[in-house]
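Each of the next two complexes has chain A plus one other chain: chain B in the first, chain C in the second.
Moving on to the complex of A and B:
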């Protein structure tokens, strides 16, 4: 017996362009590419740091080149997309109960933004002081 | 009861996603954008950076951040491949998790060399 299940026609690479919600989904999924590229640059930087002053200067000249700057600006933008999308999803993944009540979603999300600001300021102070 | 091998990968994805959300934007700002703008020049100098990464606590924290971020990105790229119609999940998973494992190893080697 053969059966032929209905298969909806779906363009493999452009399906997400059909709906704003799909586009948003794809944007934060694509942020993984930005994370991967940034980690690659960072790991190379750590190797260069271990190889001496000249190697490190070479890595820094790549970072400060026009291409390096544009690349990092794109990575920075996508990292913000990841952060905001991730915080938005937290109340769905984590239910916090206090007494009889569940802590409302916006409170949980707000707390994440406060911690994010604190972590960022801490790292900036670390960079400024060092 | 059947055991799923998904749990460890899912944990790494969730932990990595949280770490990436909190620290990656400011890290990109400091190591990727600030040098071009001439900010924190002292911090990114060879001597300051060597001393900073030379600290064992910093090495451990950096290793944790980079490793979790690697496994997070790997899991997401696996999903992205599926979203773009690639249905050969086993080779895709092998590739992305293999790269994450390689990245973890290289990070450890790089950090130990500073």
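Moving on to the complex of A and C:
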């Protein structure tokens, strides 16, 4: 008997709309983009600082303008998505075995949050905010 | 025993008659204790002998009855009807060609499985008289989770990367390669590396993580792949250090 297997294609651009978990994945991917955009904004800030007081003041007024503030909020939200998603995934990528047991996932994730908080406080102190 | 009439919308594809798949609905009065596989068996025995699907053990061991149930890759023997509504949509595993009805063509998976050398490559072959290759419980623990795979291919059905780039070796095969790499009795990591650490191997994975979410045996193939990425990246960088490898 001759065979005639039927091949179903995955739609190249809309595949991620098919399931909630794929949409979540896309959100994680987009969040990486937001982090990159913020890095760019910071680098431009540094560059403007190097160009003198007036250039710096211009950059500062951009980031503190209503548009700048909204941008900050959006990027902050997406950065949180990004951070929590990757912290959650760490125990999968990094297993720590002690004897016959693995260090529990929540301990590893928790340690990441502790370090994150410590670094944030340190940066805030450096910035003279805390 | 409480019963409920359930409409099973089953994807049909009969290569000698159909030019493309279509859905056929079967009405079945099902006890709540049934799993989807029981309902399919009822259809096959009582309503329509032409319906084709794979199954064997009925107890999550053989890995044959993988199908997509209400959009989710599942073992039909592990999908309890009590968790579903009165209409259940049953399709063959996604990302594989359909041979007939719910039966998919799994040749690609078999080839990929073979390509990662999924067997023990010991440092020295021992004869049976020389005894076993010994291992401590801790050494066993290091890879045990990855040895639980039953080759059901649910992870391939869930993986969009495999759907978009069919050359991807895919979750289960890569997890199995990791299983042997992590085995204290095995020295085959180098022999597997060309396949595993290639573009079609771990680097094709973008860590969607769907494979691990659908795996009925909690193998966590996504985790295995990320671990291999880590070791292979470390290998790569240390190979540039003085005395570190052949580069």
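Quick note on the criterion: the second predicted complex is superposed on the first by the 115 of 130 C-alpha atoms of A that agree within 3 Å, B and C clash if a C-alpha of one lies under 4 Å from a C-alpha of the other, contacts with A are read in each partner's own complex, and residues count from 1 in each chain.
We take it that contacts are C-beta pairs under 8 Å (C-beta built on N, C-alpha and C of every residue); 3 or more make two chains touch, one makes a residue touch a chain.
Bear in mind the structure is a predicted one, so any value in this text is a computation, not a measurement.
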In the superposition, chain B vs chain C on chain A residues touched = B
Would you sort A:3 into first (chain B), second (chain C), both or neither based on which partner it touches?
-> second
Of the two partner chains, chain B (first) and chain C (second), which one does A:13 touch, if any: first, second, both, or neither?
-> first
Who does A:43 touch here: chain B (first), chain C (second), both, or neither?
-> first
Have a look at where A:100 lands relative to chain B and chain C in the superposition and call it first, second, both or neither.
-> second
Kindly list the residues of chain A that each of chain B and chain C touches, one partner per complex.
-> 10, 12, 16, 29, 93
Report the residues of chain B in contact with chain A in the complex, numbered from low to high.
-> 14, 17-18, 20-36, 40, 42-44, 46, 48-53, 62, 66, 69-70, 72-74, 76-77, 79-80, 83-85, 103, 106-107, 109-111, 113-114
Hey, which residues of chain A end up touching chain C in the complex?
-> 1, 3-8, 10, 12, 15-16, 18-19, 21-22, 25, 29, 89, 91-95, 97, 99-102
Could you please specify the touching residues of chain C with respect to chain A in the complex?
-> 13, 15-16, 20-21, 71, 94-95, 97-99, 105, 137-138, 141-142, 160, 163-164, 206-210, 212-213, 220, 222-223, 226-227, 229-230
Interface residues, chain A side, partner chain B - complex | 10, 12-13, 16, 26, 29-33, 35-36, 38-43, 45-47, 49-51, 53, 56-57, 60, 63-64, 68-69, 71-73, 75-76, 79-80, 82-83, 86-87, 93, 112, 115-116, 119-120, 123-124, 126-128, 130
